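Have a look at this one before I ask anything.
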Amino acid sequence: MLAPEDLTALVLTLKLATISTLVLLVLGTPVAWWLAMTRRRVRPVVDALVSLPLVLPPTVLGFYLLLFLGPDGPLGRLMIAAGGRPLAFTFTGLVIGSVIYSLPFVVQPIRDAFMATGHAPLEAAATLGASPRDRFFTVAVPLARRGFLTAATLGFAHTLGEFGVVLMIGGNIPGRTQVLSIAIYNHVEALDYGRAHLLSGGLLAFSFLLLLAVHFLNRRFPVVRV
Amino acid sequence: MSIKIKCRLDRGVGTNGDPGFRLDVDLDLPVAGITAVFGPSGCGKSTLLRCVAGLEKKARGMVKIGPRVWQDDHTFLPVHQRALGFVFQDGLLFPHLSVLENLEYGLKRSDADRQTIVMDEVVELLGLEKLLARGTTDLSGGERQRVALGRALLTSPDLLLLDEPLAALDRSSRRAIYPYLERLRTDFTLPVLYVTHALDEAARLADHMVLLEGGQAVNSGPLTEMLTSPAPGLAHGDEAGAVLPAWVAGFDREFHLARLGFEGGELLVADTGLVPDQEVRVRIHARDVSLTLEPAGGSSILNILPARVLALIPDSPARVLVRLAVGDSVILAAITHRSATALGLEVGRDVHAQIKSVALL
Amino acid sequence: AFPEQVHVAVAANFADCLDQLGTAFEESTGHELIVSQGSTGKHFAQIKAGAPFDVFFAADSERPALLEADGLTVSGSRFTYAVGRLVLWMPRAEPDSSTSVVEVLKSPGYRHLAIANPRLAPYGLAAKQTLISLGVWVELEPRLVMGQSVGQTWQFVATGNAQLGLVAQSQFAASENSSGSWWDIDADLHDPIEQQAVLMLSAAENAAAKMLMDFVRGPEARLIIETYGYTVPED
Amino acid sequence: MSIKIKCRLDRGVGTNGDPGFRLDVDLDLPVAGITAVFGPSGCGKSTLLRCVAGLEKKARGMVKIGPRVWQDDHTFLPVHQRALGFVFQDGLLFPHLSVLENLEYGLKRSDADRQTIVMDEVVELLGLEKLLARGTTDLSGGERQRVALGRALLTSPDLLLLDEPLAALDRSSRRAIYPYLERLRTDFTLPVLYVTHALDEAARLADHMVLLEGGQAVNSGPLTEMLTSPAPGLAHGDEAGAVLPAWVAGFDREFHLARLGFEGGELLVADTGLVPDQEVRVRIHARDVSLTLEPAGGSSILNILPARVLALIPDSPARVLVRLAVGDSVILAAITHRSATALGLEVGRDVHAQIKSVALL
Amino acid sequence: MLAPEDLTALVLTLKLATISTLVLLVLGTPVAWWLAMTRRRVRPVVDALVSLPLVLPPTVLGFYLLLFLGPDGPLGRLMIAAGGRPLAFTFTGLVIGSVIYSLPFVVQPIRDAFMATGHAPLEAAATLGASPRDRFFTVAVPLARRGFLTAATLGFAHTLGEFGVVLMIGGNIPGRTQVLSIAIYNHVEALDYGRAHLLSGGLLAFSFLLLLAVHFLNRRFPVVRV
């Protein structure tokens, strides 16, 4: 029922969304933590910077990323100097783009959750002999669970639907950088509404089930109220 | 060897010119035994404990536990490297862990070879068996405090900081825990800083006492002195009384009584399973001591001791505290001015002290 | 020769047609096409940023010329592969050949006329030129809605949100939904909608790419392109 | 007129077959006065208060405050429509409001014409002046409890539910608050359910007492009865004692003493500013009462009353509680078995009760 | 320096972002509240549904909205039946599209904040005589302040950069539905990079200052830790 290139796009999309979400969580968590805990004056500046990728239209953000990643851009030159290739039009480039674009959705909920937990449980853990690292993983993170869940949901879903950035820095190359969202868009553009409906419906149903599972699991193991 | 706590901390300067709160103490406490920290609400007791634990990064001063320097001008050992147990005033259990996991949290993070305090004992003592599998969010107030105490004990710390650990507990739960806390002192020579509002509790447990007021240590010293000294402090009103070290000298098996020897005589107390020669402490409330000029017969009062008046300290318009020498010990009697006048009490006078009840601590 | 891959960037409006061209090409040569569809503006930016395209089928003649001027193409490879034709479409009207285009445009019976954005899409530019030539631009401007591409313009009309639209002839070939009335626009009313292709310099050694260029100029391709509603210029 | 509380609630059935906790009480309390709720940790005291307040939606039963039905089989008045004040065990101050705003929160939401309790008074009484502008997150434990109490009082409720409101306070802060709580009872006839662990506090404040155990009310009744009855309850150990209603009969101005009349005689107590004919309550601890066969002379004990032995209740291997009739009143004396034997005590015997100290409640 | 049509677009964009954010907060708050407080079985379903608009590519979502709003779509018919006009190509239509697309960003942080607060403060308020409505506004909302801030930030920023949906249902009518993001996109597409840079830079700078102000104010009046 699914055309082979749509299937390829689906697989690529899931791969991109999964990897991006993981990268987002890994990168976003320390940023969120720093934002929640620091008393430095620069905090509002960083807070503002984190939200900034959102305000540019995705295609435009993609355009600037293209300039940045391309052979004449700073990162592109660096890559070339290091004996590599520029990252535009590669899967890695897509991941970079998705991560930058979805960062606010990941950082902010986690930051809020860390803040809501506050210092007291961490202090208790410290008096029980837990090092900063230890208490981060055994107290701060589990208590911020709901924030992580929201972050992962928003990050994953946003990457699924992500489009402008990916289109721009990916170049819409089937099998390499053509993700499902672009495929659907192409079908719509090409007036192939049947396939567009099919793919959209499938994507919606799949995402719905996935989100349902996540939320259902979350309900089964309710996050306690602090 | 002693515990040195020198600590200065300014808490946020208040609005409208209110200078805020400042803690400024310089204490030198014996390393063995329990030190009661006493004082009115808001005097800085919790803050003092937080400073000792290293939770107040801005506190300046020195914290030395015996040979170990936790903090001085050059050192600031982070909290998790200070071998301490802390029971917070509001418990602070981890809401994402079960009761058992809360208890294990500290246990797992302490050196196995230092673990002198074992799980089963703590669980039984604190009556936690039925709670182990439960979450911590719907525990009752007292249950929460018991878990917090257990969690702190299980770290087998070098110093125990207890912030009103028993305040939410009923008397019998408290009574069950006292002997255990005493064992920490005797068996493990574990020093304890113990914030409490209940003087009974302090008298029962503490060897030493610090009196805080407005962030300053207005008085500090051995418990027995603090309780009978006329200095600003505690020898007032209903709380006044002496604490005497004593030993078990013999028994009256028929009536389940024990004879306690102390520096100055003997006392009869209920035998609650004492063993010969056991060292105990007794508390003699000033209000439980009455004075007669001649030893009275035909009375239910068993303990009648010859005593000499050392001082008369007016305590209230109606009442006077009488410091008495009983042998080498000092006890207090609280009587009315009217009785004092009627008996013609004056310094140096020989009287008989009738001790209605003796609290075995 | 070994089967090779040709990476093609194609304007969205030509993608369907290229799909069919590709099938024919692959059958006859054994080489494989990889098609990246998109807007010509994006492709231009991507090519300048080093996109790995071998052949560029643009929606206009301007962008290929710019690339050629920048020396990014194999010189002499640029050619017009199709000329678009503009159609006025009114999907919810009974087929009606008695009314003229100007009458339809001037009639008060519709709310929105959809055109492609003249700045971005050649079809949009042609639409604007047509309306100016017909002397109705100023009058109609308040009723215009603009799609970013001719594809989007089609959707405005197809969903009924715009009652009238200037769309591409080729879109009728691709769509099952081509009900209603339509009027061919006289090609003299606007500059020709020339869609040009170039061979990228990076593909100068790619034999398959050259073969594709040749194939598209060939008679078999011409037939296919014409069935999609384009005209193909004589060489 | 009475307060009827009939309440049944199952708390989450525990894991591994543990039946969970069930509250099942049926109480009928006088509408005037303070009812102490007493019982060990986890027995359901807080749960009971929550049920009365309507915070436990799943509780079945009936809550009637005098004529007003808050809950029965057909009615369930939502919490905010029940005119009650609630001090939670853990305070629950609003962290986004200042102390003053916390105090005002309830005040603003109560009918202006019912506001019998005024801000200035509460602020002064609870010593909150300096805290008013502060936030609530960095208050000390005792400060927090004081604010919570003030906030509840300021709603001028029909019923006050206090869950260990003074547990984090030192004795002198507590002492300062008692008279105020008493005034609520006397001046405003405001009924109070008062959860406490301290029997002293209960004896001081309460008229009525409910004893909870394992979710059930094992005993309930007027305080004086509860404290001297031999039924399961409180007449044990150090807590045993009687509470007697009394009145100020005269003064010994020279020695600042007051004579209190009670059903059975007179007592001399320190005059703490009493007025003639004032009604007071006195607590006579069993352990403060000693017995002699003949009235002893030359003693500092002022209160020596003729009494008759009503019963001998063994209390522990060493100790026996003696119920004594003094006129029409009943008091308790705790003496050793040895003394009882030595004095030849038996039911009906006339003795003299020496009361060393009388606590004016 | 700014071309007049860019200025028009800027004004329109700010208007759209402001109105959308307000509508989002007004609509999202009750949903978030319901999600935080309900114990119904359907909660995970609603939770999942709320995130769903994210997974479709914006342009595709826009396409479906176009169908939905159009004369043959349910809402379009309704509008026509009610004597009105379909909402496509109107400012109201833009608001509807932006709101649907940004809903997850608004609902989830607020929901998390409500959950972190828990029932206890609300119970305290109830005992002080506050009705459910009263305690919602005087306790639940202020305590969830950080969640609202995050929601507003994400919602506003996302609407600024919003593009696909707006492009699709707006019809790019200067002064009516051509927002800044489309204007920038158009400049990029039309190879007018200079103006694109200018507008992008301006948008970024403006947003940065705005976000900075918000975060700075938030720091000045710190939300207390519960």
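Every chain is named by a letter (A, B, C, D and E) in the order it is written, and numbering of its residues begins at 1.
As a convention for this text, a residue touches a chain if its C-beta (ideal position, glycine included) is under 8 Å from a C-beta of that chain, and two chains touch if they have at least 3 such contacts.
Since we're looking at a predicted model, the values are computed, not measured.
Listed here as common contacts of chain B and chain C: A. The minimal number of chain-to-chain contact steps leading from chain B to chain E is 2. The greatest centre-to-centre distance from chain E, using averaged C-alpha positions, is reached by B. Centres computed as Cα averages put chain C at a distance of 90 Å from chain D. Centres computed as Cα averages put chain C at a distance of 36 Å from chain E. Chain A and chain D, compared by their mean Cα positions, are separated by 60 Å.
Within chain A, residues 59, 63, 120, 188, 223, 225-226 each touch two or more of the remaining chains.
Residues of chain B in contact with at least two other chains: none.
Looking at chain C, one finds that residues 42, 45, 152, 155 touch two or more other chains. Which chains touch which is summed up as A-B, A-C, A-E, B-D, C-E, D-E.
Chain D makes touch with chain B in their complex at residues 11-12, 14-16, 18, 38-42, 45-46, 89-90, 130, 133-134, 138-143, 146, 163-164, 167-173, 197-199, 238-239, 252, 254-257, 268-271, 287-288, 290-294, 296, 298-302, 316-319, 333-341, 343, 354, 356-357, 359.
Note for the complex: chain E touches chain D at residues 120-121, 123-132, 134-135, 138-139, 142-143, 145, 223-226. Contact residues on chain C toward chain A in their complex (touch as defined above): 7, 9, 12, 15-16, 34-38, 42, 45-46, 48-53, 149, 151-152, 154-155, 158, 171, 174-175, 177. Within the complex formed with chain C, the chain A residues making contact are 59, 63, 66-67, 69-73, 76, 86, 88-89, 167-168, 171-175, 178, 186, 188-192.
The residues of chain C lying in touch with chain E in their complex are 39, 41-42, 44-45, 63, 66, 111-112, 114, 117, 119-120, 144-148, 152, 155-156, 159-162.
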